[in-house]
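One structure follows; several queries about it will come next.
Each chain gets a letter, A, B, C and D, in the order it is written, and its residues are counted from 1.
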Amino acid sequence: MKRLFAVTLGILTAIGGFVDIGDLVTNALVGARFGMRLAWVVVVGVIGICLYAEMSGRVVAVSGRPVFDLIRERLGRRTGLFALIASFLVTLLTLIAEIGGVALAFELASGVNYLLWMPLAAFAVWLVIWRVKFSHLEQVFGLLGLLLIVFAVALWKLGPDWGDLVQQATSPGPIGHETWATYAYYGIALFGAAMTPYEVFFFSSGGVEEKWDRRDLVTERSNVFIGFPLGGLLSLAIAGCAAVLYLPIGVQVETLGQVTLPAAVAFGKLGLAIVLLGVFAATFGAALETSLSCGYTIAQYFGWQWGKFVRPRQASRFHVVMIICLILSILVLMTAVDPVKVTEYSVVFAAMALPLTYLPILIIANDPDYMGEQKNGRVLNFFALVYLGLLLLASIAAIPLMIVTRAGR
Amino acid sequence: MRRRLAAFGVTASLVLSLILGLAGCGDPDQQMLSEGARSAREAVSGVRTAQLAAQSLLGGRIWAQPATVMVTDAEDALGQVATTFDARQPETDESRQTYDLYSEALANAADGVTDLRIAVRSGDLETVRQLVAQLDKTAEQLEQLGERAQ
Amino acid sequence: MAAEGRVLHAQLHLLDRQLIHERTGELLGKVDDVELDLDAGIPVLTALISGHERIPATQIVAIDSAIKILPGDLDLTKGDDWVEQHIIDKIPGAGDATE
Amino acid sequence: MRLNELLGHRVLDRAGDDIGGVADVRLVQDGPLQPSMQAAFRVDGLIVVEKHATRLFGYERHVGPALLRWLVHRRLGAVLYLPWEDVAAVTDGTVQARSGREDLKPLEEMPRY
């Protein structure tokens, strides 16, 4: 019974934890511009994050070593440092976007400018990290994030022509004034939003925080294989709402307000309240995950003591890294840069940085020295290698497409 | 093989950006028209968003604060579209005409949304209702202008 | 098997591996280099290097997915202690467990 | 000597021909007994890679997905094993072998554990 509860809780947490500011913004934006014509990318991305997270979760459960510890070990000091810098910068950029997202949600609810909310949001993130137990923060914000299911219900309430949505989903390609270049660019953005690297750093380090061993493989797998795909369905619902409400009238999504409006149109003030609470939980939860991931990656690369399973003073450098990252986020947001724009760039850079951390995990998941019986099977390796190809392709194409499309204009 | 593929990728993207670059800086008349049309489409987005937010406010579906934030955001976006377009320099008579046409339409839309923001902020729902109806025409006009070029 | 003992590849299995305190499980840094005595009658591994500290081979307890050592007098957490004294300890709640 | 120094040393065979670079050192735990009552890790030999390579990702042991292994090995060329008794001298940047290239066994023939 207790075990079943743990599994259910893990799955629910994974669903709520999957969606962050990147998924919210990118899915709504793409839904408004292309309808469901890029829905297949969400499916491809979800399968990818399942493969990637399952491998790193399994490696943690068997070897007890989290992702960045192993990345340095396999890539060596120099290449490892390159992977660290790239992954860290992307994670920091995501953290900035998430804190901006929390502040924007408060701005929408209160009408008070987000720049005033932002230092408060960053401070609250730090306080929770400093004081709250790991399992609590993961569960509370994961469960609250489930409120975003309101998007799925809103889509149904908006009463779309389902046949039309299916038709869009099955006929990929640009429409109207869009070009193949913008279509591909947003494809990469969606892919990066679904497969953001920090999700895996957090997931694998969380495995150590919660002291996983071989017996936890069932929990780990059910979280990944049920939780993430259901989270992916939430993403599709967000895109669907935008496709129904915005595509026909030529609205392009550029603000968080536009992302939340469909719930209000469908359910009125209650819908808006639920969606704002859901957005707050999803972005605040992701802000916790990304700041922890900033600390995890650096501390694990250098072999420092890290983690919330020890008291803060025992992992002092780890905590200092997170404090510095939060201060940096405040400083960047103070320049009044648009957090939604930051989000749009962060998902593309996420797609670019992915192969650097994916490859070492694939290598280690195949190493009998570590994994023994639990190493990758043939079928899994086939898909893992296909995804390695896809990741490389997206990574190489990202910059040229960004230049050609002037970042998707 | 791998190197050749990479080289192909680089060349292809260079060629592509060159073509797109040339398309942008070819005929000044055509260029003004396509920039104007693109700005008009962006303006449609702002006008329709403001309209949708205001309608939701009228229908009691959102409370005043989010409505204000959304309309203000739309106003800012429209202002930016209009300023960016206005900064262009028409080089021929024809492009001058195109410039004036689009510039006026954009300014018109920006003003309309500014009026809407003022009404929403002051809670004057009757004016909001009138402005929402008016903005319909503005959006339709912009939509037509937006379809004149790719 | 030609040899009785366990086989390791120095770079693959030792370099850049995590160092752990055998008793407390504390994380003590990464292996930055490996010292080999090639001039001895029987050439052997003599120490691991982490930062500026030299960990004699006799203090290695186990080599696994991480390397367990008995640090003895070695000061492997100098950086952490400095940050702890000068920054973290000044923030209230630094020594408390989380709730 | 430090490992980081030794890695990348060029290996010359009996005739003075360059046969590759040092990529790793094979250790066997059957050396003299230490005070801790554990046997020391004895340097058993050098892993030599034909082409320039910094990291083998552990693929010199022939584990992992076939496609990745094939890619890595294409970059590495032959992976050879030079037993320590065949090393004549280790000098600045080079390792002088007593044997010829044809005498060296491929690494995969060595027991892994």
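In this text, contacts are C-beta pairs under 8 Å (C-beta built on N, C-alpha and C of every residue); 3 or more make two chains touch, one makes a residue touch a chain.
Small disclaimer: the values here were computed from a predicted structure and weren't measured.
Asks: Using mean Cα positions, find the chain sitting nearest the overall protein centre.
Replies: A
Asks: Would you say A-D or A-B is joined by more C-beta pairs in contact?
Replies: The comparison resolves to A-B.
Asks: As a quick test, compute the distance in whole Å between the mean CA positions of chain A and chain B.
Replies: The computed centroid separation for chain A versus chain B comes out at 30 Å.
Asks: What whole-Å value do you get for the distance between chain B and chain D if each is reduced to the mean of its CA atoms?
Replies: That gives a centre separation of 65 Å.
Asks: Please report how many Å separate the Cα centroid of chain A from that of chain D, as a whole number.
Replies: That pair's centroid distance is 42 Å.
Asks: Just the number, please: Cα centre separation of chain C and chain D in whole Å.
Replies: Comparing mean C-alpha positions, chain D is 24 Å from chain C.
Asks: Which residue numbers or ranges of chain A touch two or more of the other chains?
Replies: Answer for chain A, listing residues that touch two or more other chains: 76, 369.
Asks: If a residue has to touch 2 or more other chains to count, which residues of chain D qualify?
Replies: 58
Asks: Mind giving me all the chain pairs that touch?
Replies: By the stated definition, chains touch in these pairs: A-B, A-C, A-D, C-D.
Asks: What does chain A use to touch chain B in their complex?
Replies: 107-111, 177, 181, 245-246, 249-252, 254-255, 257-258, 260-261, 264-265, 267-269, 271-272, 276, 396-397, 400-401, 403-404
Asks: Using the touch definition up top, name the residues of chain A that touch chain D in the complex.
Replies: My answer: residues 74-76, 79, 362-363, 366-369, 376, 381, 384-385.
Asks: Considering only the defined contacts, which chain C positions touch chain D in the complex?
Replies: So the residues of chain C in touch with chain D come to 1-12, 14-15, 33-38, 42-45, 49, 57-60.
Asks: Which chain B residues qualify as touching chain A in the complex?
Replies: Residues 6, 9-10, 13, 16-17, 20, 38, 41-42, 44-45, 48-49, 52-53, 56, 59-66, 68-70, 73, 77, 139, 143, 146, 150.
Asks: Over in the complex, which chain C residues touch chain A? Could you list them?
Replies: Where chain C meets chain A, its residues are 13, 15-19, 26-30, 32, 50, 65-66, 77, 79-81, 83-84, 87-89, 91, 93-99.
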